[in-house]
Amino acid sequence: MALTTPLDVDAIRADFPLLSRTVHDTPIVYLDSAATSQKPTAVLDAMDAYYRTVNANVHRGVYFIAEQATNDLEAAREKVRRFINASSVSEVIFTKNATESLNLIVQSWGRANLAAGDVVVLSHMEHHANIVPWHMLVAERGIELRWIPLTPDGRLDLSDLDALLDGAKVLSVTAMSNVLGTLNPVRQLTDAARAAGAISIIDGCQSVPHTATDVQALGADFVAFSGHKLCGPTGVGVLWGREELLTAMPPFIGGGEMIRDVRLDGFTCNDLPWKFEAGTPAIAEIIGLGAAVDYLTGIGMDAIRAHEHMLTEYTLRTLADRFGPDIAIHGPSDPDLRGGVFSFAFKDLHPHDISQILDQHAVCVRAGHHCAKPLMKLMGVGATARASVYLYNTTADIDALADALESAGAFFAF
Amino acid sequence: MALTTPLDVDAIRADFPLLSRTVHDTPIVYLDSAATSQKPTAVLDAMDAYYRTVNANVHRGVYFIAEQATNDLEAAREKVRRFINASSVSEVIFTKNATESLNLIVQSWGRANLAAGDVVVLSHMEHHANIVPWHMLVAERGIELRWIPLTPDGRLDLSDLDALLDGAKVLSVTAMSNVLGTLNPVRQLTDAARAAGAISIIDGCQSVPHTATDVQALGADFVAFSGHKLCGPTGVGVLWGREELLTAMPPFIGGGEMIRDVRLDGFTCNDLPWKFEAGTPAIAEIIGLGAAVDYLTGIGMDAIRAHEHMLTEYTLRTLADRFGPDIAIHGPSDPDLRGGVFSFAFKDLHPHDISQILDQHAVCVRAGHHCAKPLMKLMGVGATARASVYLYNTTADIDALADALESAGAFFAF
Amino acid sequence: MPGLEDLYREIILDHYRNPRNRGELDSPPAHRVEGFNPLCGDEIVVYLDLDDERRITDIRIGGQGCSISQSSASMMSAAVKGHTVEEVGDLTRAFKAMMSIHESSLGGEAAEPVELPDVKLGDLEALRGVVKFPVRIKCATLAWNTLAQGIDEALA
Amino acid sequence: MPGLEDLYREIILDHYRNPRNRGELDSPPAHRVEGFNPLCGDEIVVYLDLDDERRITDIRIGGQGCSISQSSASMMSAAVKGHTVEEVGDLTRAFKAMMSIHESSLGGEAAEPVELPDVKLGDLEALRGVVKFPVRIKCATLAWNTLAQGIDEALA
């Protein structure tokens, strides 16, 4: 059966300079986009042009390039607003990464609203970024954490959701697992949270880069994601929040930009979104992120999802065909229920050894706990090998992965 | 009297692409480096090369480019360590900007060590980044703030320092004022703090880019600064701290990278410096910062200080010669006591209007409160106009400033 | 490229040199409200007397700021004195509409065509050139935002 | 370019396939200590029996990890059993010195020439190739760091 894609992947690959490099004299096969994506020339050029012709500090200068820098930064905010369909730019807060976005919620909203005994519901498939900040609040405040369990095929087990949410103040879950690839039923979750009187927080790190996102349709109160996983630069993340909640929240980091007035005896906060953007922002990176969402929008998020759906089907089938019982791919087997992230166990090889041997074939996959140690424990493993795809990957990349796995199997055969 | 510089400024200017642009058909005269510096090609190329040939997430990948990204990032840490003469890379923590560095100290060390009634000593010339985080702790904890007053010429008035420090837990001051240009006697301050049993925090934003820094010789416990003011990119700052203090401090932001283990019921922290670097770091920006300190080291920090000393002398003399009593330059008049930051009042023109008219002559100066509203209040003004220089500025830039001021005076003459 | 003459019209400079209604009113009975421009440090204080018919019977302006914020406050004080809060509301909307093309695009939002209230702006028209200098828009609107807040508070 | 044969020497694969001293000891009396590699999730458990003469009379290894960390732990267990903690200290320093060129440059510090204790590394020499794969150095040193911690704790 032939699989088709709506993307002109050859043209797309030409936009990503790194994809034309070699490793050990072999063209690189980059299958680690769940960790970080490659960057198109359009993004690199936007940042370079900024530094070469505009660079000035923002929001305070009257002179021409300072005004232009401010306009460019705020234009990028508007691009991100449109990309996630936020109702206002006041709701789009730039952070340094999704981890900071999540910590901002916990430390600002959480400290202001949660007391000893209050319940926060997480899931067993969360990334450390959506666990450790809550652990810190447990230590500080004595809140209680509850955990949504998983089904054997790596989906959220929602059979007791209402009981878990009973009396809860917060539900915080990932839209897509960075280990299992599972796409969670976000709307169902946020509806259940609202019905229970809890706010809901969505970790969009793995979903926003790969599927069209409408924060209003998601029904959540907060959504966090990182720029570097969606073709943008490092050093910039996003927190979207409902204006009403953001307005009521105390500040997180204090300093310049976030104030209206400062006196010896106190200060007053600036308006949203700047209230949460203390200090000189990541100006070039925010502009780069704006270029990234323009790039992705130009290609079309639905087309990207369709392409990755095709690759998911191809990957699951190819690996099963070639390795049968020697490979076990974690997570749901239905491509409709998952994104293009494939954690697998292969023979009795340790993930570190798999990745090492794949590297000799220029195939880049991640090996480790993927910042999801509680999930690893639940799965009964210390680590997995993980391949993940994005708009620039092809079925040939998957074939290269399979070929490299075959030699890994041979190398360690004993 | 001729003034000399040890720098080949023509060659240096050629390294900074933005300096060759025009504004309103006039070559730009950039005099706002205290807000952010321009970037040399070496820095832009380092980041671009990273994205085009290395880009991968760090600290977790076995494959070749992930290993290289990790090496490049940690090599940049070593460059910064050497630049400030820290005793170990464990003491060099990357943040998003100096504002985050200062908040990290307040929220981690401060929350762990300060209780109601504890005294923190600041000065009247602090930037909001070194005021607002403390105000937040006042509101949360009931600590008490004391303020070192200023002399009429804008230096710290240290006549009552011992009384101010009596019983204090913290002294937190800037090494150089971003408004007055004043270079503070850091060693004297840290010695006094230590004698009083207080830790000392130095805001190095304005000093680290312009003078050789040896954190061990400063005698401080923490030093904070930003990359973007020292020829580096936006999106990266540094916190240096003494290892003993950093080791004892609780984490600030929780998530990936900063953990050793995470379980459903808690977590343990990673070693320094990663304990304070949760989430995907600003990889490209850190590498860019490494290239920036290489660039500055190549030119020589002492030579840069000598060049700026010469420009300071030239600026003070030129503006006084040309405008006499029509101009008042705030801060010390001895170039040995100050850096190249010149806030001034000119006739009865408002700083905003000065900056606007200077912009028509392509002269970029800042107008506003410079994130130092308590200082503005002390000075009895709402705002100042501020010109500031760096290694790439020349006496011709100062002449252009003076010419443009002359037309501003003429325009508003009435 | 917009020139200085677009920004600094003669009438603006006149209001800057000779600000109208500068000073204070006893408060109470007058309502006093402060406004800040967080970006540049400009501060304005508006003193308002409202009569029972919701008419601004007197107004005074204090504070400090640049030529644009000072002249805008001065012109505003002259334009609103003796008018009802409804009339002032229309004038405020008309003025902000004149400014809004850039104010909103600064904030990044799509520039929607705005239906102007049928109001004569008079001298205030002189500030139209400010939209070409987006950073200065907040200087021009500071007085108006502060007045609106003061009216809200006085009527609350 | 370093090849796989530099990393995966035959003797390493042998220890990986047939780990020595795998298992547990009753604790107490044995001392039990856990080590983590925070980067990859590898975990090791070392069980130690020390006699009154500070000699390691028995050792067992538990946990999970890659071929490098497992074989390093296995070789270590064979190398230290029957030796005093002083001898083990020398061996640890010698082993880490062999690894340290890259471990320290990973951390970014200058590579100082290290004075090796006069110790025969024997089979452990096979791990020398690991330094060409800096990420794997922490795999090779995990068991040793954990053992050192266990000895410290047992003697404390």
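Descriptive notes on the structure:
Should a chain be cited, it is by its letter among A, B, C and D, assigned in written order, with residues numbered from 1 in that chain.
The working rule: contacts are C-beta pairs under 8 Å (C-beta built on N, C-alpha and C of every residue); 3 or more make two chains touch, one makes a residue touch a chain.
Keep in mind that this is a model prediction, so the values were computed, not measured.
Between subunit A and subunit C, the least number of touching-chain steps is 1. Of the two interfaces, A-D and B-D, the higher number of touching C-beta pairs belongs to A-D. One finds 36 Å separating the Cα centroids of subunit B and subunit C.
Averaged C-alpha coordinates give centres for subunit B and subunit D that are 44 Å from one another. In whole angstrom, the spacing between the mean C-alpha positions of subunit C and subunit D is 74. Chain contacts: subunit C has residues 39-40, 133, 136 touching two or more partner chains.
Chain contacts: subunit A has residues 24, 60-62, 66, 259, 261, 352, 356, 367-368, 373 touching two or more partner chains. The touching residues of subunit D, when paired with subunit A in their complex, are 1, 3-4, 7-8, 13, 17, 39-43, 64-70, 133, 136, 139.
Here subunit D touches subunit B in the complex through residues 36, 38-40, 105-109, 133-136, going by the rule given at the top.
Of all residues in subunit B, only 17-18, 21, 23-24, 28, 32, 35-36, 38-39, 44, 47-48, 51-57, 60-66, 96-100, 102-103, 127-129, 131-133, 135-136, 138-139, 145, 147, 226, 228, 233-237, 250-251, 253-259, 261-264, 266-267, 278-285, 352, 355-356, 358-359, 362-368, 371, 373-374, 377 touch subunit A in the complex they form. Within the complex formed with subunit D, the residues of subunit B that make contact are 59-62, 66-67, 70-71, 74-75, 77-78, 81, 88-89, 259-261, 270.
On the side of subunit B, the complex with subunit C involves touching residues 24, 350-353, 356-357, 360, 367-369, 373, 376, 381-383, 411-412, 414.
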